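Below are two complexes that have chain A in common, paired first with chain B and then with chain C.
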Partner chain A sequence: MLDSLSHLMLAFTDVATPENLLLIFVAGLIGTLVGALPGLGPSAGIALMMPLTFGMNPISGLSLLTGVYMGTMYGGRLTAILINTPGDAPAIVTAMEGYPMMQKGQGGQALGISAIASFVGGIFGLLMLIFFAPIIAEYAIFLGPPEYFMLMLLGLSMIIVLAGSDPLKALIATAAGVLLSTIGSDYVSGNVRFAVVPELIEGVDFVAVIIGLFGIGEVLVNVEERIRLNMGKPKFKFSEFIPGWAELRHISFPTLRGSVIGTAIGVLPGAGATIATFIAYITEKKLSRQPDNFGKGASEGLASPEAANNAAVPGSLIPLLTLGIPGSGGTAIMLGALIMFGLNPGPMLMIQSADIVWGTIAGLTIANLFLLASNILLIPVFVNALRLIQNHLNAIVVAFCLVGAFSINYGTFDVWITAIFGIIGYLMKRSNYPTGPFILALVLAPLAENYLRQSIMLGQGSWGIFVQKPLTMTFTILVLGVVAFGLAKAPFTSYLRKKRLQAA
Partner chain B sequence: MFSKSLKTAAVFSALVVAAILPVKAADFPTRGIEFVAGYGPGGGHDTMLRSMAKIIRETKLVDASINVVNKPGGGGATSLGYLSSHAGDGHYLMAATSSFITTPLTADVGLSYKDFTPIARLGIDPTLLVVPSSSPIKSLDDIKNAGRVLNVAGGGRGQIEHIATIMVSEAMGVKLNFIPFQGDGEVASALLGGQVDFAMINPGAVSEFIKSGRMTAIAISTEERAEMFPDVPTFKEKGYDVVASVFRGVVAAKDIPAEAKAYLTDLVERLQATPEWKTQYLQPNGIIAGYLDADAFAAYLEQTNNIYQTNLSNLGLLKKN
Partner chain C sequence: MNTMKTTEIIFLAILAAFAASLSIGSIDLKYADEFSFGPGFIPMNVGILLLACCVFQALKSFLKGRQANAEDQDHEGEAPNIAGLVITTGIIVVGIAAMALGSVLAPIFAMIVLLSWRVANHPIANSLFVGAATTAVIYVIFAVWLNLPVI
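Presenting the complex of A and B:
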């Protein structure tokens, strides 16, 4: 541990040259912008910046890339809060609480809270990376398909929380999401399912669906109801967007819980930031004394997932740096960058190229500080920019959404997907079908499906695989326990509430 | 409607231009050359083409400007469609890997490998049989005499690792339980975490684990031992006829003028002979050199297509006609 500290201190002196600091600052800003654009997420941001790093020294180049990665996580929340268009899957939950705050005229406050939560999450993840990376990676590797399947089950149980008032409608939305997720090539069976046109071979891109469902769907509702956002006054006082002590105390534990969840789940390959945000959200709602506020702008429901989202970035770097195994789309591209810089990603990386790895970690720490400062200071700019375009907001959001959809694969196919799901989103909102369960099923069902099939195949046909090893059994019991408890508790509490109302 | 007819007109005029080009083909290329990657930035196609472009630029192999474009989507189908829309035009060079064969076989894209002009095969990814170093399995004999059905991790069903596993199982006469994983990272994790008994995987993904002593390679699916792993025996020398690898090559559009084809084949041949190609692309990515010129590559593609057709048909994965 002391060893880590001395490495890190040395690395800070390497990294903290004026050029590098400027580079990291710009990288963070670019990442924020890229993350804010719907459709462009961490993978796209890192891929776009890769050519710029040709010819840089490895530490500067990698700091640039990780800075952009972190920046996209800060940026994803902007459009989610301001215009209800999550730029990427991990920002969906942010929109669920952030946008209602925006509608109530607390947009600045929502941006402030989420920036601080993002910062805390990021720093927490970094501390874990600095001190425990090798240990965490060695343990995480022992989790296999059976444990992942249980985790997906936990994520899917979230549908009950997102269901809203009508469970039947939530069930229909879930089933539709599962159905949509089956399109495309399936690596477990090797079959290509329902690909009526070649563009569907890789399935429907859920980012295109999210942009349509949330962004365009919201615009259509706004146009119909002639909704105008409550922007507050044009002049800002710092107190309006920097949360006060009371608010900070209110979100402190949710933020910490989100940080832990984000790091823990961000480490796991495949699952990553999206599931972490959902699990952080469900945890807060379950723990909250006022669960009814969720969905209407509860700040703890905003802070915790945002912290989780950013803690997942250093989390996902842990398997990459210690084992050379990428756990997300973004880190997969980083793997290519490491090779390009002449490093050998693998179990020896942190030993053979310690200076570069620690330099990158130091760069990421600095990026996080810069991002907090720039994101807080720029809040009035973001909100006032929105005010300026308010009269044309609907048109601009639609334009953003369509450009974002185009940029997913640089083709028009995803633009059509977005447009179609925009209309579906509108219809769902009109007839009170919840969109959350639909998206959750679309994102998680294919993962759950594949992990289940892999598990059964590993067990050579036996379900015993879920209880064979002590570790797997612990996971199975824990997750089934949580799900069963949640299921039992929901009807029970609503029964109690009814009783209390009758008594009153 | 209008834009459609515009598009038709554009395609038509492109065809006319393409038809006229050979007349003054002596000065090919007439503009920059576009390298087409069928997957996004950072993927295998993209990495290969960008390395090629970089080496061509740095060693000044040709004067023509080179631009890498990504046409991701549809398991490579989008790029196939894009290149075939430029039939007759030699200014496009597309990366071709196993998906070039398998996507048209498993899904209805209306094209096949025959609709393109093979230029060269640049390298191969064989399959390594690896175990964790702590495993009781030390040799192919241990696998044969395991006395139980072993679990094997590899890429998706019907992909080369699966086909190689079937070959091993048939050659040894033992039953193996293949479990498909998504991507090399998941396969390596499953092996390190003790989820499976052994893995079939491409060398680039595990060479560092082998060097650091965490994994041991037991056999490689090449004809002869690979330079990268001089101590790893081939399946063949151990008496099992398992030779299987996927390829990394480049193809051009259909019906390109002879001059354009000659230009591209010459460019690629000189490129792969540079020392930079070896040090900057093959070695860091764990790819085995395996250059084949245009004619040999064409024959190889046909042979590879037959192997996949047979195996995918046995697995019931061919597209329904």
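Presenting the complex of A and C:
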């Protein structure tokens, strides 16, 4: 524990340069704005910022990306509370209590409570990350290729099962991601697979794909659906943003509960912030002495999910930084960023690149402090910025996406890839196919394929290697359990629905 | 509902064609040897799986669509902006093609102006201002600050 703190203190001295502090502050502001805009979530925010990190050192680049990631979690609540339009999926629950508070003339208080709860959740998750990540990493070095392959398969199968109501669509998205990842050089055999043009020898560039999918794809959907924000001109006094002692005491335990739930759910692959917010909300409603107040502006129903939402971000970074296994689309993009910076994600990351990992954690802690201050002091700035951006958002996003794609290799090939995946992203969103499993599969599949091959070689051609050791067998059983649950979920849900309909 | 059905058909057709071509292409790659599998193993198996899933999903959507068709006829919302979608796609495609002529920022400026003016229907003066301001910000960030060859 003391070791973690000394690493962190050292990292703070590395990160706290004027240039880095400005970068983290701006990243938080950009993340807040991106998170507030409906349609653009954490994945889009990180994807759009990725090209900006090309010329940076890893600590600055990763601090920028994690700052944006955390900022989007703060931003989602702004439009949810002000105009009942959640900026991202986790903010749906925020709108359920935040908007009624706004209607009752307590909008300023709702924004203040949610900012404080978000901060507490973020700090709690960070503490868990700081103290538990080194412990997990210590044990993770004993895992071999079969365990790693099974862990990756577990992550992928969980995201298929948990992604929305249709596991088949998630499976299609996952298989498409795996197949796309096979294009390019196969480093085990030395073969080049499906590279019809020389630019594909290194494979399809991951950054070009995510920029297209989350940037251009969103723009096309926004244009077709004529999405516009009607921000209005809300006026608040500064004092309204700071809740009184009685209110702070009232939300203290819900905020802590939300923080615990958010961190725990964030660690699980496939679950993520959205599920965490719903579980936190349901828990508070169950525990409340006045459950009838929920839906009418209950501050505990606002605080708990907001804390869960922000605690899920550091929670999701625990498996990423210790095992190299992302649990969501956002962390999959972060994994891509780690690889892009020449790092080797996995159990050795915290040993080989400790300065960078601790620097990123320090950056995230500073971002959380900046975000609390900016989300209380700069609300009018955000509202005016959103009003200004909303009218020209599509044109600005397209411009940044295409310049970002050009910056990958300074040629138009990646720009075309971005445009193609923009159209693919549009088709996926219009047909309700989840993009998270696609990105996760695209990033994880090459690693998983290598681990699978190494495992089979270790087993001298036998697949029995996956049930030989107790730990590997446990992972295998877990994967089979998740797959069985996924297969049984849809028929069981439809059976229950029919039963309920018959009873009604 | 109709648009969604069309988009899903297009999406599944693209995926099926992609899966089929990679599966066929993987025939030339080594599938397995004595101790492990070769580079053709994953593309061949995942390609076949994806192809089968696409066919199954298409059938599922087709049967569901027939059932839901009558129920959905009454639900008329705001008409989708198909013209805007086509114009936006066209502007992006022509803009990228224009980048091959040498400059990145000039096509970007033109794209912003056209998207703002023709798709979002802002006054031309407004669009020119937004185009110039955004292009200037991009130049400062990418060319000046990050020192990348974006001109």
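Operating definition for what follows: the second predicted complex is superposed on the first by the 274 of 504 C-alpha atoms of A that agree within 3 Å, B and C clash if a C-alpha of one lies under 4 Å from a C-alpha of the other, contacts with A are read in each partner's own complex, and residues count from 1 in each chain.
Note that in this section a residue touches a chain if its C-beta (ideal position, glycine included) is under 8 Å from a C-beta of that chain, and two chains touch if they have at least 3 such contacts.
These numbers come from a predicted model, not from an experiment.
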| item | value |
| --- | --- |
| Partner chain in contact with A:457 - chain B first, chain C second, else both or neither | both |
| Touching partner for A:248 - first (chain B), second (chain C), both, neither | neither |
| First, second, both or neither for A:224, with chain B first and chain C second | second |
| Partner chain in contact with A:402 - chain B first, chain C second, else both or neither | second |
| Touching partner for A:413 - first (chain B), second (chain C), both, neither | first |
| Contacts of A:467 with chain B and chain C, given as first, second, both or neither | neither |
| Partner chain(s) touched by A:189 [first = chain B, second = chain C, both, neither] | both |
| Partner chain in contact with A:323 - chain B first, chain C second, else both or neither | first |
| Which of chain B and chain C A:143 touches, first, second, both or neither | first |
| Interface residues of chain A shared between complexes with chain B and chain C | 51, 54, 188-189, 191, 410, 457, 460 |
| Complex contact set, residues of chain A against chain B | 43, 46-48, 50-51, 54, 141-145, 185, 187-192, 195, 198-202, 269-270, 319, 323-327, 332-333, 336-337, 339-340, 342, 344-349, 409-411, 413, 450, 454, 457-458, 460 |
| Chain A-touching residues of chain B, taken from the complex the two chains share | 40-42, 47, 50, 54, 70-75, 77-78, 81, 103, 106-110, 149, 151, 155-159, 162, 177, 179-183, 185-186, 188-190, 192-196, 207-209, 211-212, 214, 284-285, 312, 315, 317, 319 |
| Contact footprint of chain C on chain A as seen in their complex | 51-52, 54-56, 168-169, 171-172, 175-176, 178-179, 182, 186, 188-189, 191, 193-194, 216, 219-220, 223-226, 391-392, 394-396, 398-400, 402-403, 406-407, 410, 412, 415-416, 419, 422-424, 426-428, 430-433, 445, 449, 453, 456-457, 460-461 |
| Footprint of chain A on chain C - complex, ascending | 3-4, 7-8, 10-12, 14-15, 18-19, 22, 25-26, 29-30, 34-39, 42-43, 46-47, 49-50, 53-54, 56-57, 60, 78, 80-82, 84-85, 88-89, 92-93, 95-96, 99-100, 104-105, 108, 111-112, 115-116, 119-120, 122, 127, 130-131, 134-135, 138, 141-142, 146-150 |
